[in-house]
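Note that the chains are named A, B, C and D in the order they appear, and that numbering of residues resets to 1 at the start of each chain.
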Amino acid sequence: MAIDFSQPPEVVDLVERTAAFVRDVVIPEEERYAGVVSAGGEALRARLQAAARDAGLFAPHVSREYGGLGLGMTARAPVFEAAGYSLFGPLALNCSAPDEGNMHMLEIIATDEQKERYLRPLASGEVRSFFAMTEPAPGAGSDPAALSTTAVRVDDGWRIDGHKWFSTGADGAGYAICFARTSGKVGTVGGATMFLVDADNPGLKVVRHVDTLDQAMIGGHCEVIFDNCVVPDSAILGELDQGFAYAQVRLGPARMTHCMRWLGIARRAQDIAIDRIAERRLFGSKLVELGMAQQMIADSEIDIAASRSLILQACWELDQGQRAAQSTAMTKTFVAEAIWRVVDRAIQLCGAAGVSGELLLGRYLNEVRAFRIYDGASETHRWALARRAVKQRLKATGALESAS
Amino acid sequence: MAIDFSQPPEVVDLVERTAAFVRDVVIPEEERYAGVVSAGGEALRARLQAAARDAGLFAPHVSREYGGLGLGMTARAPVFEAAGYSLFGPLALNCSAPDEGNMHMLEIIATDEQKERYLRPLASGEVRSFFAMTEPAPGAGSDPAALSTTAVRVDDGWRIDGHKWFSTGADGAGYAICFARTSGKVGTVGGATMFLVDADNPGLKVVRHVDTLDQAMIGGHCEVIFDNCVVPDSAILGELDQGFAYAQVRLGPARMTHCMRWLGIARRAQDIAIDRIAERRLFGSKLVELGMAQQMIADSEIDIAASRSLILQACWELDQGQRAAQSTAMTKTFVAEAIWRVVDRAIQLCGAAGVSGELLLGRYLNEVRAFRIYDGASETHRWALARRAVKQRLKATGALESAS
Amino acid sequence: MAIDFSQPPEVVDLVERTAAFVRDVVIPEEERYAGVVSAGGEALRARLQAAARDAGLFAPHVSREYGGLGLGMTARAPVFEAAGYSLFGPLALNCSAPDEGNMHMLEIIATDEQKERYLRPLASGEVRSFFAMTEPAPGAGSDPAALSTTAVRVDDGWRIDGHKWFSTGADGAGYAICFARTSGKVGTVGGATMFLVDADNPGLKVVRHVDTLDQAMIGGHCEVIFDNCVVPDSAILGELDQGFAYAQVRLGPARMTHCMRWLGIARRAQDIAIDRIAERRLFGSKLVELGMAQQMIADSEIDIAASRSLILQACWELDQGQRAAQSTAMTKTFVAEAIWRVVDRAIQLCGAAGVSGELLLGRYLNEVRAFRIYDGASETHRWALARRAVKQRLKATGALESAS
Amino acid sequence: MAIDFSQPPEVVDLVERTAAFVRDVVIPEEERYAGVVSAGGEALRARLQAAARDAGLFAPHVSREYGGLGLGMTARAPVFEAAGYSLFGPLALNCSAPDEGNMHMLEIIATDEQKERYLRPLASGEVRSFFAMTEPAPGAGSDPAALSTTAVRVDDGWRIDGHKWFSTGADGAGYAICFARTSGKVGTVGGATMFLVDADNPGLKVVRHVDTLDQAMIGGHCEVIFDNCVVPDSAILGELDQGFAYAQVRLGPARMTHCMRWLGIARRAQDIAIDRIAERRLFGSKLVELGMAQQMIADSEIDIAASRSLILQACWELDQGQRAAQSTAMTKTFVAEAIWRVVDRAIQLCGAAGVSGELLLGRYLNEVRAFRIYDGASETHRWALARRAVKQRLKATGALESAS
C-alpha cells in the first residue's frame, strides 16, 4: 500500500493503441458525419466495432469470460478517455452509454442464464440495450420516490405499465432493462425491481425520439411506453424490490465512465483550439501568446488535470469495493462543469470558426451541455454532498449521535 | 438635466403593444418553426412584417421620413427587447441585424439619391441587405489592419476583389455594403471605403452558408466572393478612405441593438424556466422554493437588470452624440456574457426538459453563444477597455502627458 | 419624461469639489492612520468635518432646513462615491453609516420636537448616533421574527430589555435608535417599535467592541445591553408597532448609500492598481499591457460601471417615492460582490505590494468583505429576489391569481 | 505498478496522531493568540515543538539521519494537512515555511559539513532560517532575469550586496540562504548562486517587518539588506552559478507543502462553518438545510477533494524524481484559489460571526489571500502552464520540430 499514480504497462500500451486507433480510424468517420454518429447508423457501428475488434481494443471493461479485456475501473479511466477523444470512439470499442453500464451491472447481478442470453450478445456488439428509468415529470428523475411505472404480479409473471423518456439508445435496441415499482406508493421510496424486457415484447413501444441538444447517441433518447407489458419471472434482474440498491451499483461506475468519455472530448476541444490558433496572429502577436488566450488554455489544462485526478480517486475506491457515493458525486459534479468550461473556452479561443461547422466544437458544446443534467443534475448532487458532509462532520465531533 | 429612468408615455405604450404583438402573433410562428426563422423563409418574413405594419409597430428605429417610428437609441432599448422576446420578433418589426444597422448607417451617411435607392426599400422591407466586412483568417476581424479585400480605381469606377465570410443575411439580399481597402497595405490600417453593391452584380457571388451554431438569421451567415466586381463611383457610401470611421458609426449603435434584442431572449428564457418549474416538486418541496433554484433565478434577474441599465446608459451617450466607445464596449461585453449565463441557468432549472426540444432553450443557447464572439470578441473588447481605462487614469493623474 | 443620465450642473460641480477635497484633505489623513479612522478618533472627526464645512461640502444628504445640501438619492450617488474614495471621506462630510441613515429616517418620521433634539445636532456633527437592531443569534438578523429585545409599558413610559450587537458607532454616540418588540412573541413577526434612547440612560450599556475584519467605523461595531432601560413616551420614533415598516424606510436608501460609498473604495482600489503597475515591467513587457492584467482591469471597469448604473436606477425609483424593494435588493447584492471582486483584483494586480501595508488595498479588502453580509446577506437578498420574481411572473401570466 | 490511493498504515497512524495533537495541544494555543503565532513568540515555538517531539510527530519530512520521520512527498501530504489544520500546527512539527523548504533543499544539495552546521540545528528546531530571494520591484520576483543582488569575488571569498524583501522568518533566524547573481547582467537570466549567511554577519541587516495581510509567520516577512556582506567560499550552497536550478529543486516541493498546509486551513474553515450553523435556524429552517448554504458546503467539499487529488499526483511525480513543473504549477494555482474560495464561503456561511473575531475565519482569510501571490502569482503560473501546454501539443502533432 502506497500512493501510486502509475498505470500497469499493459494499460499504458492499451491507451496508446486506443489513441492511435481513434486518431487513424475513428476521427475520419466522425468528421465525415459531423459528429452525429446516428447519421452513420448501424452500418457505421458495425464497421467501427469490427475495426476495434481487429485492433484488439474491443470491450475493454468486459471480463475476459465474456470477450472483453477485463479492465477494472482505474484502468478504464485513461482507456475510455482515449476512446472519448472522438464522439464515435466509445461506440467503436463498445463501451458507450448505456450499453457499457448495462454490461457492468449484468456482470454483477445477472444469473448465469441471463448472462448468456443478455450479456454475451451485448458484450460482443451483436445487440444494443437500453435502461428505462427516467420518467416525464412528475415521475422518476432525481427523486426515487416519484417512480410511477409499476410492475404487478400476474398469473404468468409480471405486468409492467409506465411511461419512460430519455431512454437512451432505445431505438434499435435488442432489449430494455426496465425499472418499475413493485411495492409502495408513488411519493414513497418503496421497492423497485429491474426487469429484462425483450424489444419485441408487444407491450413495449418506442414512441419517438426526444429532440435533444445532444445528438451523438445511437438509438437516440427515446420516449417509451410499457403498456400491459407482461414478462416472466425469469425477467427479474437480481432480487425483487432491490432495484434502488442495484441502481446504485450501476450509477456510481456509470457516472465515472461518463466522466472518462467526456473528458476525452474536453481534451480534444483543447487540442483543436491549440492547433487552430497556434499560427494565427492578432494585432501583430501570436494568438497563443496573448495573455487572455493563455489564461483560457491554462484554466482548461487545470480543469482537465483536476478531472483526471478526481476520476482516478473515485475509481480506485470503487475498485476497492467501496460504494464511493461521496467521491463519485463530487467527481461527476466537478467534471461535468469542468468539461463544459473547457469546450466553451475552446470555442472562444477559435472565434468565429469556433461557432462554425468548420470545427466540431459547437457540436461538442451541445453534447456536453446535457451532462450537467443527466445522471443527476449538479444541484441534486450538491444537495446530497452537503448533507453527507454535514452528517460526517457532526458524527466526527459527536454532535450527531447516530445517522441513518 | 437630471437623472431620469422613465420613458416617454408613447414609448411605454409602444413597448406594451410590441410585447402583446410578439406574444400573440410572433411566438406562435416561432414555436411552429422551432426557432429557425429561415425555415419559414421569405414567406414568413412577409407575413410577419405585414402584421407588424398593420399593428403600427414597423421599423421603430427608422425616421418617419422613411416610414419608421423615429425612435432614438434610448427609446429603442425597451422596444427592441420586447421584439427580441422571440427570435422572430426583430424580423417582424424589420429591426433585425444586419438590416437595422445598415439602415442606421445609411440614414447618417448616404446621399439623398442613395437613400432613395437603397434605404427606402430596405426600411419598407421590400429588400434585405448585408454588410460584407469579416474575412476568413488571416483577414479582417478584430484587427482592421488585416483587411485584405481591395477596391482599386478602374476606368468606369472601382474594381472590388476579396473574400468575405460571416456575411449575415447575404443569401437573398438585394444588395451588399462592402468594406474594402482603398489605400495602404495589408498589415497597416490604411484607408477603407464602403461600397454599395447590387446583388445582381456579376462580380458578387454568395458561395455557401457557413454552418454555424446560431441559425435564426434569415439569409444565413454566408461566404461571399467579390471577384472582379466593378461598381460605379456612385456606389461609394460616404467618403473615400473613411470606411473605418463609418464602421464606428455603425458598430457602436449596432452593438447596443444586438444587446437589446438578445436581452429579450434572456428575459424569455427566464420566464420559460419560471413557468416550467412553478408547479413542479422535488423531494417534497416546490422546485421554485429550493435555494439553489432561487439562487439561479435571482442571479438571472440581476444579470437582466444590470444589462438593462448598462444598455440605457450607453444609448443615452449615443443619443447625446458621443462616440461612447468605452460604454458600448463595456455594455456589449457584459451583456453578451450575462445573457449566456441567463439562458444556461434556465436550461439547468428545467432539467432534462431544458435540453429537449420541448422548450426552445437549447435553441436559444446556440443562438446566444456566438454573441460573445460576433461584433468584437469579449477578449478584444476587454483589451481595448483596459487600454482606455489605463490611459484615462494616467492622463487624470498627469502621469501621461499626451495620448494618441 | 425621458431617459436622462446627466446630473444637474450643481451636482456635477459638487462632485468635482468633493473629489478635490478628498484628494487634498482627506487622503493624507487616511494614509497617516493607515485606513483606521478610529485611530484618529473624535479629534480627527472634528478636524475633517470642520474642513468639509468650510469647503461647503457638509451633510450633502440633509435638507437645507437642517443645515445640509438637500440632495435627493440620485444626486447623492456620485457625491457619496466621491466621498467614499477615501475610507475617511464619508465621515468628513458627515454622511457615513449609521448616522447618515439615521438622519434620513429622522427627517421622514420624527416629530418636530424630536428633530430639534436629535436630528439637528446629528446633522451638524455635534453628536453621533447608532442604530441598535441586530442581535446575537438566535436573535434578529435577516429574520425579523427572531427579534427578542422587548419594550413593555411601565408607569412612566417603556422599559426596554435586550441584547444587541454589531451596533455600529455605539461607542461615543450621543443616542441610540433602538429596535424593540412591542407586540407578538419571538418566532412571529408581531410589532416592533423604534425608541430614541440617550446614551446616558443608565439602562444602556456599551459592553465591548466586537472584533471585526472591518475597522474603519468610528465608534466600532459594539455589543450593547439594554437592561431595565426606561424611556418616556416621547422616545417613541414614529408610531407604535410600526418599526418594521420604518426599518424599510431606512433600509432601502441606506443600502444604496452604502453601495455608493463602497463603490468609491472600489474605484480607488482600481486607481491604486493602475498607478502601481503603470510603469512596471515583467518579462520585458509593461505589466499593464499583459493580457491577464488587462482582463482584470477591464473586468473591474465593467463591475464599476454596472454598479453605478444599478445604483442610479434604484435611487431614481426611491426618489419617485417607490419602495424599490426589488431594485435595491438587486443593486445591493450585485454591488457588494462587485466591489469585493474589484478590490481583490487590485491586490492581485499589485502582487506582493498588494498584500503589504505599502498600499491600502489589504485594509480595503477587510473593510469590504463584511458588506456581503451586513445589511442583508447576499443569500437573503437572493432568496427574496427570487420569490418576488416568481410571484411577479406568475401574476403576469395569470398563473397566480392573488399575491400577499 | 497500479493506481493506488492508499497510504501505508504507518502514515495513516501518523495522520491520526497528528490530528489529535493539533486538536488537543495546538488549537488551544491558536485560539489563545487569535491566530497570530508571533504573539506567542519563541517561547510558544519552543513549547509546541517540545510537545510535538514528545508525541513523536517532530520533523516528519526530515530524514531519520537528521532526526526526522523520513516521509516522502506523498506521505507528507496528509500529515502536513493535518498539521495545517491550525495555523500553529506546522510550526509545532517544525515543518512550516520557510524552514521546511530549506531543510528539504539542504538535504539534497549541501555538503556533509554544511549539513552538520546548518541542517542539523534547523531540523532539531534549535535555530530558524530564511530564504532571501524576492527583491523589491524592479528586482527578482516572478522574473529571474530581474535578480539584482550580486555576489562578487573578493580576496577572502564573496561579497554580497543587495536588497531583499518578503524574506519570511528573517527576524530571529540563525542564518539566511541568500540568492545572488554571480554572472550575467540584470535583464538577462545569467547565473545565480546560493550562499549560506550567518545572521551575525555584520553585512546582513534585517531592516523591518513588511506589514502584510498575513501575520502567522514567526519572524515575519522582512526587508533585509546585504551590504558589503562578505562570506567565505564554504558558504556556497551547491555549485557556483547553479542557483536557478537549485531554486527549482526547492520550489516544486515547497509549493506542494504550502498547498498541504493551507489545505488544512481550508478544511478547518469548512468545519468551523458546519459546526457553527449546524443548529441555527433561519426563517424556520435549519441553516444547513437551506439550498444556498448546501451549495456553498458542497462546493467547498469539491474544492478540498480536488485539491487533495492534485497534490497527491504532483507529489507522486516528485517522489518519482520527476521535475513535475507542469503538475506542481497546476496544483499550486488551483489550490491557492480553491482554499481562498473555501475560506470565503465559510465566512459567508457564518454571517456576521464570520467577520468577527469570535471565529478565526477572518484571520484565515487574511492568511490565505497572499498564497495566490506568493510562490508564483496565479497569473505567472498560468502563463507558464499555457506555454508548456501549447509546446507539448505542437510537439505531439509534429507542428513544432524542436523545443527549448
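By definition in this document, a contact is a pair of C-beta atoms (placed from the backbone, for glycine too) under 8 Å apart; a residue touches a chain by one contact, two chains touch by 3 or more.
All values reported here derive from a predicted model rather than from experimental measurement.
**Q** Working from the CA atoms, figure out how many degrees chain B turns to land on chain D, in steps of 5.
**A** 180
**Q** Per the definition at the top, count C-beta pairs in contact and tell me whether A-D or C-D has more.
**A** A-D
**Q** Approximately how many whole Å separate the CA-defined centres of chain A and chain C?
**A** 51
**Q** Averaged over CA atoms, how far is the centre of chain C from the centre of chain D? Could you give it in whole Å?
**A** One centre to the other, that is 39 Å.
**Q** Counting only residues that touch at least 2 other chains, which ones in chain B make the list?
**A** 290-295, 379, 382-383, in rising order.
**Q** Which part of chain A faces chain B closely enough to touch in the complex?
**A** It is residues 134, 137-138, 141-143, 145, 165-166, 210-214, 221, 280-283, 290, 292-293, 347-348, 351-358, 362, 365-366, 369-370, 372-374, 377-379, 382-383 of chain A that touch chain B.
**Q** Which residues of chain D touch chain B in the complex?
**A** Spelled out, the residues of chain D in touch with chain B are 290-295.
**Q** Under the touch definition given earlier, write down the residues of chain D that touch chain A in their complex.
**A** That would be residues 1-9, 74-75, 270-271, 274-275, 278, 288-289, 291, 293-295, 297-299, 301-302, 305-306, 309-310, 312-313, 315-317, 326-327, 330, 333-334, 379, 381-383, 385-387, 389-390, 393-394, 397, 399 of chain D.
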